[in-house]
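Shared between the two complexes below is chain A, which has chain B as its partner in the first and chain C in the second.
And now, the complex of A and B:
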């Protein structure tokens, strides 16, 4: 498989009045062409920050302090502003959680979907119109030509998210980032959007990064998963291996703590709360909440250990003697 | 007394004016909640589930129907007559931050209730606060701290402490987990379960998360566009869903088991200002027939304790 994205030892820190918040602290992963990667984590795990870094879209107080991001042969961290603009929206499309605040309320839907094509000078205005119309139809907007004249407020939440997907895909990007794309939507609409993303993936063959806090959402869509906690990768592997054969205590605890509609089980809560990343726990960041804590966990952050083919876990339990 | 009904809701109706139009928020909703049990109220946003909760608590007044609390009709009684009932019912909201006064210490927030209902001496109130905090898993030494000093999960625990302070029997939990992190949600679920067991609490549990509702409820009512479309014991509803909406709703929920939904629900809920003729679900229903566009189906008992509002299901019998 051909490599599309490679991130090495990424560290993203936020400079706050209270101190330095280590949002992503030493993250490395690869994404291949045509692959769907799920990044799963709770709030503050660094899942969104890690992908916003790919687009260099961090807020003003956030800085990439070290590491490298190579996308399609380009060193993202050394691109000029112009080169970055070329990348955004054209090679990499992104869909955010809240479609209302991602769309401009005073510009028609048609204009907004055409904009990336025109901005990147990819085609004429009339062709952009045709392509926008076709794309809106493809993402399931009925009567696209009529609705192109309307404004975001005239669309429901689910329809707006479809528009966002059309917008993100209009330039045929190599990578689609979907950052919690269904979190603000109802469950039947969520199912529609995930189906749509799958269909678009089949249609265009791009790579996808799906960011979510909901493990169950990844089962039928993602090839591979990264489980993040407090700015670190805890475990990574093929989706089936992670869900049915989890190795990291955090992944296991998370699976035990979440009710599932198909399974009746006793819930086992994870004690404590997510740590403050200005002063994160020493060693493994999960150790204060972990059921298997050993002495070394408090002292040293674990590297990734081999579990199985393509399955790694950042946990001292898997250190070979 | 397991089968005693604590809350009975009969043909509840509420319309909200919007401009010249009326939003049909709640339309003919009926169900019972047995003492010590949990009724899960599910449905998508805008289906009227939170309005139902506010009506039961008489935070807003209904336009029709009856609310019977422990055998007494409280639908139209005066605010004064309602006060003793207010003491017996409480609510825990979705967002703990906005339901705790940021300028009061958590101790004062909880104590306020005893003052309102003239209960106990100063020392007693102080003691109760400590016991309550302890009970919900908050160190009582923090009773003089302010809400912002706690995490989201702890704030929700404080809201729960407040809700049980007056030994209320009935608690509405309106999406109490939605603002919390996944790893913290299970802690709150556990706490709610323990309190129910120990104190014999009755819950109306409102959520859009069907997996959570399934975990916590004894019976479940499914709402769509202001109406209850199906209502049954939990096992029956999940094992044998009959209404086409319930069927698609359940199959839309992602599962770690990885089952793929066999039916995709097309379209979106219609506008409650101008609900469709006939069955509210007919524009999206995969199995609709002529009558569905003309007549509103009534909620019928199709087998013992299993109620469905669907022409097709009724005809099949």
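And now, the complex of A and C:
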């Protein structure tokens, strides 16, 4: 498979009055063309920050302090503003968590969907209009031509997220980033949106990064998963390997916390809270909450150990003697 | 939209009635009256009301007219009805203080002057204040931002009559190109307009800065960057649109206050505007003029608010569509 995105040892720090918050601390992963990668973790695990870095859309106090991001042969961290602008919206589309606040309330839906095409000078205004209409139909907006004249407040939450997906895909990007696309939606709508993303993936064949804290959403969609905790990768592997054969204690606890309608099981919450990333725990960052803590966990951060084919776990339990 | 405006005009009339009633009651309950001052006048000479002997003679001529409208034997409700009738039929009778002029004459003469100055001042303030605010917001925490913020604070804190002294110094004393006092030449407008525009420049720049900074923090601006927008597209195509909407709300009251609240500046430059007349009306217990002034101020404020709402209607689709 052909490589699309490769992130090496990414460190993203936030400079706050209280100190330096290490939101992402040494993250590396690869994404191949046509692949769907899920990044799963609790809030504050650094999953959103890691993808916002790809577009260099971090808040003003956030800085990429080291590492490299190579997208489609381009070194993102060394691009000029102009080159970066050229990538955004054209080669990389992004869907954010809250479709209400992510759309401009005083600009028509049609205009907002057409803008990526117009801003990148990809086509004329009339052609952009036609393409926006077609795309809105494709993402399941009924009567797209009428609805293009309307404003975000006239759309329901699910419909707004469809609009966000339409404007992220209108330039046929090579990569679609979906940053918790279903978190602010009704449960019934969540499945529809994931199904829509899957359909769009089949239609356009782009690579997808799906960020979520809900493992259940990844099952039928993602080829591969990354489990993140406190700015570090805990485990990565093919989706079915992670779901059916989890190796890391954190992944296991995550799965224990997911309700399953078919199996009558007890939900076990993970004890404790996510650590303060200004002063993170020593060694493995999960050790204060881990049921299998050993002495070495407190002293040294574990590297990724081989579990299986393409399946790695950052846990000292898998150190070979 | 037409129905909405008609409805609003109905409300304005209703509110004006309430306002005039309150004003009438308040003014009537204040101790001292113009007629009492007249009696004092007979004993103590012309100093009490500042009227000259010849003016007092003229008063005698309109005395019967005034006694008929406002005399002590006329019941209060009748005085109120007379007043309202006067407002509606534009026949409010003579002023007490300027008995040779009717109230509508005074307003017809002074309103255009005050209005022109206010509109010019606000126009200047908009054209200077908005760019200043935008620059400060875009260069947040730079020296330009600090400079603009300091200027905003200074011009907002200094009253316009002090600004008047400043502009007189600047343009009549150091660079003597403009007259300090007088009326009749377009040049006479420049200094009062300048003096009055400083305050609004400060408020508009400050408001614009906050409003644009707030808009730039919104999620939809991040979306616009993510779509590949340049500064021009993101800031002027998206953020400005949203930040101008709240700014419009402060412009209406600002104009109303400029029209009427400029007594000192008018006095300093000898501008024959409404402020002058109205401040003297209060001093001399000129009830008819005071009440007319209250109603006019109310009317200006409400009409300005209506205009603001109509502009809002065109700027903000959320309002436009919900009222359709």
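Heads up, the rule we're going with is that the second predicted complex is superposed on the first by the 321 of 321 C-alpha atoms of A that agree within 3 Å, B and C clash if a C-alpha of one lies under 4 Å from a C-alpha of the other, contacts with A are read in each partner's own complex, and residues count from 1 in each chain.
Here, a residue touches a chain if its C-beta (ideal position, glycine included) is under 8 Å from a C-beta of that chain, and two chains touch if they have at least 3 such contacts.
Keep in mind the model is a prediction, meaning the values are calculated, not measured.
J.: Will chain C clash with chain B on chain A after the two structures are superposed, or do they fit?
T.: Chain B/chain C on chain A - fit side by side.
J.: Of chain B and chain C, which one touches more of chain A's residues?
T.: Of chain B and chain C, more residues of chain A lie in contact with B.
J.: Determine how wide the angle is at the CA centre of chain A between the CA centres of chain C and chain B, giving a multiple of 10 degrees.
T.: Value: 70 degrees, nearest 10.
J.: Applying the document's definition of touch, where does A:42 land relative to chain B and chain C: first, second, both, or neither?
T.: First partner only.
J.: Look at A:57 in the shared chain and tell me whether it touches chain B only, chain C only, both, or neither; answer first, second, both or neither.
T.: After superposing on A, A:57 lies in contact with chain C but is clear of chain B.
J.: Is A:243 contacted by the first partner chain B, the second partner chain C, both or neither?
T.: It touches chain B, and chain C stays clear.
J.: After the superposition on A, what does A:216 contact: first (chain B), second (chain C), both or neither?
T.: Only chain B; A:216 stays clear of chain C.
J.: Which of the two partners, first being chain B and second being chain C, lies in contact with A:83: first, second, both, or neither?
T.: neither
J.: Should A:187 be classified as contacting the first partner (chain B), the second (chain C), both, or neither?
T.: first
J.: Quick one: minimum Cα-Cα distance, chain B versus chain C, in the superposed arrangement, integer Å.
T.: In this superposition, no C-alpha atom of chain B lies closer than 11 Å to one of chain C.
J.: Pick out the shared contact residues on chain A: the ones touching chain B in one complex and chain C in the other.
T.: none
J.: Can you list the chain B residues touching chain A in their complex?
T.: Residue list for chain B touching chain A: 44-45, 151, 153-154, 181-187, 189-190, 208, 210-212, 214-215, 238, 248-261, 264-266, 268.
J.: Across the complex, what residues on chain A touch chain C?
T.: Against chain C, the touching part of chain A is residues 55, 57, 85-90, 93-94, 96, 98, 101-108, 115-116, 119-120, 151, 153-154, 164, 167.
J.: Considering only the defined contacts, which chain A positions touch chain B in the complex?
T.: It is residues 42-43, 156, 158-159, 186-192, 194-195, 213-217, 219-220, 243, 253-255, 257-264, 267-271, 273-274, 289 of chain A that touch chain B.
J.: Given the complex with chain A, which residues does chain C contribute to the contact?
T.: Of all residues in chain C, those touching chain A are 218-220, 222-230, 233, 237-238, 241-242, 245, 315-318, 321.
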